[in-house]
Amino acid sequence: MSENTLRHNAKRVLRAQRIETPSWAYGNSGTRFKVFAKAGVPRTPEEKIDDAACVHEFTGVAPSLALHIPWDQVDDYPALARYAESRGIRLGAINPNVFQDNEYRLGSICHPDSAIRAKAVDHLLECVEIGSQTGSGVLSVWLADGTNYLGQDDIRARQDRLAEGLAKVYAAMPEGMRLLLEYKFFEPHFYTMDVPDWGTAFAHCLRLGERAQVLVDTGHHAPGTNIEFLVAVLLREQRLGGFHFNSRNYADDDLMVGAADPFQLFRILHEIHGAGGLAPEAGIEFMLDQCHNLEPSVPALIRSILNVQEATAKALLVDRDALRDAQRDGDVLGAHAVVMDAFSTDVRPLLAEVRQDQGLDPDPLGAFYRSGYQEHIEAERIGGGLGWGA
Amino acid sequence: MSENTLRHNAKRVLRAQRIETPSWAYGNSGTRFKVFAKAGVPRTPEEKIDDAACVHEFTGVAPSLALHIPWDQVDDYPALARYAESRGIRLGAINPNVFQDNEYRLGSICHPDSAIRAKAVDHLLECVEIGSQTGSGVLSVWLADGTNYLGQDDIRARQDRLAEGLAKVYAAMPEGMRLLLEYKFFEPHFYTMDVPDWGTAFAHCLRLGERAQVLVDTGHHAPGTNIEFLVAVLLREQRLGGFHFNSRNYADDDLMVGAADPFQLFRILHEIHGAGGLAPEAGIEFMLDQCHNLEPSVPALIRSILNVQEATAKALLVDRDALRDAQRDGDVLGAHAVVMDAFSTDVRPLLAEVRQDQGLDPDPLGAFYRSGYQEHIEAERIGGGLGWGA
Amino acid sequence: MSENTLRHNAKRVLRAQRIETPSWAYGNSGTRFKVFAKAGVPRTPEEKIDDAACVHEFTGVAPSLALHIPWDQVDDYPALARYAESRGIRLGAINPNVFQDNEYRLGSICHPDSAIRAKAVDHLLECVEIGSQTGSGVLSVWLADGTNYLGQDDIRARQDRLAEGLAKVYAAMPEGMRLLLEYKFFEPHFYTMDVPDWGTAFAHCLRLGERAQVLVDTGHHAPGTNIEFLVAVLLREQRLGGFHFNSRNYADDDLMVGAADPFQLFRILHEIHGAGGLAPEAGIEFMLDQCHNLEPSVPALIRSILNVQEATAKALLVDRDALRDAQRDGDVLGAHAVVMDAFSTDVRPLLAEVRQDQGLDPDPLGAFYRSGYQEHIEAERIGGGLGWGA
Amino acid sequence: MSENTLRHNAKRVLRAQRIETPSWAYGNSGTRFKVFAKAGVPRTPEEKIDDAACVHEFTGVAPSLALHIPWDQVDDYPALARYAESRGIRLGAINPNVFQDNEYRLGSICHPDSAIRAKAVDHLLECVEIGSQTGSGVLSVWLADGTNYLGQDDIRARQDRLAEGLAKVYAAMPEGMRLLLEYKFFEPHFYTMDVPDWGTAFAHCLRLGERAQVLVDTGHHAPGTNIEFLVAVLLREQRLGGFHFNSRNYADDDLMVGAADPFQLFRILHEIHGAGGLAPEAGIEFMLDQCHNLEPSVPALIRSILNVQEATAKALLVDRDALRDAQRDGDVLGAHAVVMDAFSTDVRPLLAEVRQDQGLDPDPLGAFYRSGYQEHIEAERIGGGLGWGA
């Protein structure tokens, strides 16, 4: 394929790409040791929308905001949706929280006590309802359930409870809604997690139905896991619902996506593109899920979006005709070189062109810094979010 | 449950437990750096049968021997089966080898070249036929297929070829045969393995049919993987076919099972027992798959069998009534203590009783050493197996 | 060595063993997701002393309490020491905290700003002074310093600042005080930690002087690290100062020591004993450092102490004469069997004897539960510790 | 710093950079499962020199070849050195092999038997002598010593033997020779390695003397280890002797450097450059140590050298003035951006210029393919290296 054709196609796809930001990334976050308060953090869901709108304004590809319930609880969700619309964005995936009430100490829908399970299911059903009101097509389910000690609870009994709870939620979802089931290797539990890996999430989705799909958080794997491989397998099985992008060196570090391992991000995008997953009709959700413990959130999210865009652009520049030929011939070095050539390319000029074509500043981060937005929110927002997720 | 009842039940189950040894563990093995030759290694499949019979003689629970084709290739398999029978054991799982011919450099049934794929499928079909002749009910499939470099081959295309190849083999299996699909995190390939995790094996088994099940090799996981959890999930999904037991500290170290982590082995057996998997009708195959690089094979295999028996005995001593009560009450420390009490128990006296009940020496390893078998084979077998698997 | 001699020696050593509990383990703890409040947690340093005294009362081997400053800050430390003495225990290691002030966002004594570094050093010097007042011989230094992103700060410049800060503290220590430098693989920073491994801690201790030694927290290593090996190396270099015992499956899980991997705990104790490190004059500090997120603290700490005692007892039962002989002969299976025999032994009866010899209840946990202490503190202590470390 | 200045300096440093190739990488290699024979592999040390000369011809930066004894054993080393010189290269580091004789089953200089230890020391001394004859200034010591099972041998006793053996070798080295001590996390032993980490190697080097330094093989670490951090620490301690470059995803995969993680390679070079380690007088040895299991060796080595050059070029383009300013100001995002800007740059044009300035083809790999060298050796060399290292 000629480089011109590749670049032309790449620009077309890059213009259509959409990346969702999460409301919680605009607030404070931290570790169990300390949440450092940041200046200018939003105090209300509306202020989170303002920040998300700012990110979209400079990047042009982030037109939706994922909500976290109850952190973003309001009385009138349709009104919140209209507020978002007024700022040029829309409300995205609904993320239930069944891990912060004291009753959830031993789990939520996997809890040994049926009353606690019922409470957790009710919250999930409430989130289905909120999603209906906000027009969100995605219920994004992460369960903090697990155990810390051998024997603490019965692994299979918990799986049974899990299946039962998810079935109730799935049954209540309106037709246009999908349930994305997230898995996590460990934390906040350290012996078992009830959905620790993609296999377990996949098995549950198969039993639930076609609108249940696996959500891949790039920070939720055992060391050394080849994430692009399982992405490819899930794509092949048509059970990849989307991503929570972030990056990590050790555990669920929740660093800015592309910061810890830009090559991995490229490899993941390369698999997605290879399977047609960048097409809007593929329905793959690209969402960020990060913790900005040390750095200001709005520019960190802009930077993260640029990182996803750069990885996407590189994946789009892989000469797939040449790659297929080399693979067919068993030319190990040649095939590898085709992909690495794309990775070695500096795609920032290409992305600048894409932005200029859309009337955006070619340098979103520079434009943000020059805009005075950060100074504005730091001056305006006094007394904002003191705790994680608050 | 009273301790007496627990002990009584334990002895009954321990008497019925069966553990298969693998023909290749009787030969030399090593690392890529060196295969150290051992004295007395068998030179023929018949001598491997002799060694397996010796292991069974002293342990009473190892009445079958897994074959590796072509390492154990013979002209007349029924004759080999009769020879085994004459030594008091039978031939077990058939393990094809599609990784040692030069053509398999880039894979076997996932190879980009259809001619190589056909050759590999033919070998698997030959193994089905051998299994029919030897009366083996298990075809144990491990594929060394994978890639070393990004781009080297197409992940999804390889999955398609894999599915196609497995389907041909599955279709050819006689009714009483099961296909156990093994997965492996890495090695001999270092970028992708085509079946790297239980989820991928599970997905393929689902598509193949009910007689396709997952084989868990305890050394084939990412660091930190909770193996007993996935064992429990596979048991719940009725897709756990069996085990290749060994132990590891780092990679696929293939050390004697129970040597590197006896607590893990206990936890796995605890889950198996909890799901009824120790009952013969559950059809879970307990097989060893180890490399005795430094130590003599026969006593190492006896030791490994004792280790599995001890872990099983401890799992059988868990007071499951007390455990269920503590779990129901959310008593974290109490539930944990119930399981740990069983683990802390010295079960060697109990196993000595089990053996004496069966007319065996209560100390199988001591009895072996006293028997002179090792000296005998070291004197008799000159010129044995010079290479790994040879 | 005869079994009787081994048991006799073991009892002698077990009677003399001392294990320090940490004040912070008596309070609430949790993960970044949630700190679940527990009933009966202490509200003051004095109440932590009460709990520690209770642990000592039932175990007989936990006569000291490590302090965390400022969590245990009081106006009058000598008075606090007298209070401890009145309850039958003493104050142990002083643990400075230079990670919870907002100024420490980018580090403490490694911070790029010299004013913050000075503040952190001042706090460490204050802890030296507190240690002098409480009669503590140990300053236990863990620094949360590190960076989250490539480029965030200069690795070597931070090492220079670290060396400079530690040197100031070391110079201020009275003669009988030791500085134990703890390392940690990651958390709360996720790109670099300024003291990530034993090698870095060791290098700094060498430059500081003989009274600077390495502190091994059993949860602070890369996956797969052989902890007993580095313990042996540090013992050989005479730079092992002590332990923060806990256990882990994934990261710094801070589970009860011996719960996640009792075999590892045994292997560590086996190395310590082999090097004479159980002798009081060896000066190895055995301290617990755990987070009881789900379970009540006092019985969890008792359980942890029992776990250390059991691992110690097993290590003491290794027949080292037989082991040395087998090692000398290159008898791999024989040498391994000698150590495993000790591990397989149920040492609970032996420990019950040790306790009865000392006038203690042979079942410390049962005795604690029967004592009513837990009910007492749950009834009395209303409004206790709401946050982690509070 | 202006971009022009950066580029100018970069070109100067890149022209002076030297990367050593290893004789064993030109032969066959593989895993314990299979060594696939490659066409055209060298049959003699002289043919390895020919291949190394070819790599140097096209890259201009690989003027030396590391030897492996006894794989490269010859009767007349000065003659071999003259042959190398006649081909435009020189002989580099001497790599002893004390792991392939049957006697080394339980170790070499750490073996429990003093006769085996003496044999191993003799081999190391022979390598010192060979180094004197070839004019090699580097003795590169990797010991495969370790144990597979708990109890197999005494960890501290092995350390004593190790120290003793190394001291004998160090004492015998001529003044201009350095001993580089390599460490390895695991393999070929799976319970302990006698030099498993940089800390252990560092401790031994300190006791040996100033000409003992640590050798970092980039594939020899625990999962998640921050290699650039320990590189920085070793540089600061002036104990970094050099590198064995390769890349890995899982274990010691020995893939082409820069293939598995080009970002890590960049980060390592960034630290080296920051500490002045790219200057020839710093004495850091840049050596490749790879296994080309699937791909032809000569182009794979050329590719690897290009990868090191690209990582070096990017590290040289980091604007260190801007970086220092951002770090001083605590500007996390800004400092990170400075380094990432360099990484995002496509440095291939710059390297093409460097090559053209030196009269080389700007595309070394293309030039190699066009040269017909591969076809030549495949036609000429019949019956070459059938085994690993042969």
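As written, the chains take the letters A, B, C and D, and residue 1 is the first residue of each chain.
Here, a residue touches a chain if its C-beta (ideal position, glycine included) is under 8 Å from a C-beta of that chain, and two chains touch if they have at least 3 such contacts.
Listed by chain with UniProt protein names: A, B, C, D = L-rhamnose isomerase/sugar isomerase.
All values derive from a computational prediction rather than experimental measurement.
Visitor: For the pairs C-D and A-D, output the one whose chains share more C-beta pairs in contact.
Guide: More contacting C-beta pairs are found at C-D.
Visitor: Are the two sides of the chain A and chain B contact the same residues or different ones, given that same means over half of the numbers occur on both copies?
Guide: same
Visitor: As a quick test, compute the distance in whole Å between the mean CA positions of chain A and chain D.
Guide: 40
Visitor: In chain B, which residues are in touch with two or more of the other chains?
Guide: Answer for chain B, listing residues that touch two or more other chains: 106, 148-150, 152, 185-186, 191, 223-224, 226, 249-250, 259, 294-295, 332-333, 336-337, 340.
Visitor: Which part of chain D faces chain B closely enough to touch in the complex?
Guide: Counting only chain D, the residues touching chain B are 29-37, 99-100, 102, 104-106, 144, 148-150, 152, 185-188, 190-191, 223, 248-251, 253, 255-256, 259-260, 293-295, 388.
Visitor: Please give the residue numbers of chain D that touch chain A in the complex, ascending.
Guide: Within the complex, chain D contacts chain A at residues 223-224, 226, 249-250, 259, 261-263, 294-296, 299-300, 303, 310, 332-333, 336-337, 340, 343-346, 348, 365.
Visitor: Using the touch rule from the top, collect the residues of chain D that touch chain C in their complex.
Guide: 106, 112-113, 148-157, 159-160, 185-186, 191-192, 196-200, 202-203, 206, 221-226, 228-230, 232-233, 235-237, 267, 270-271, 274-275, 323-324, 326-328, 330, 332, 335-340
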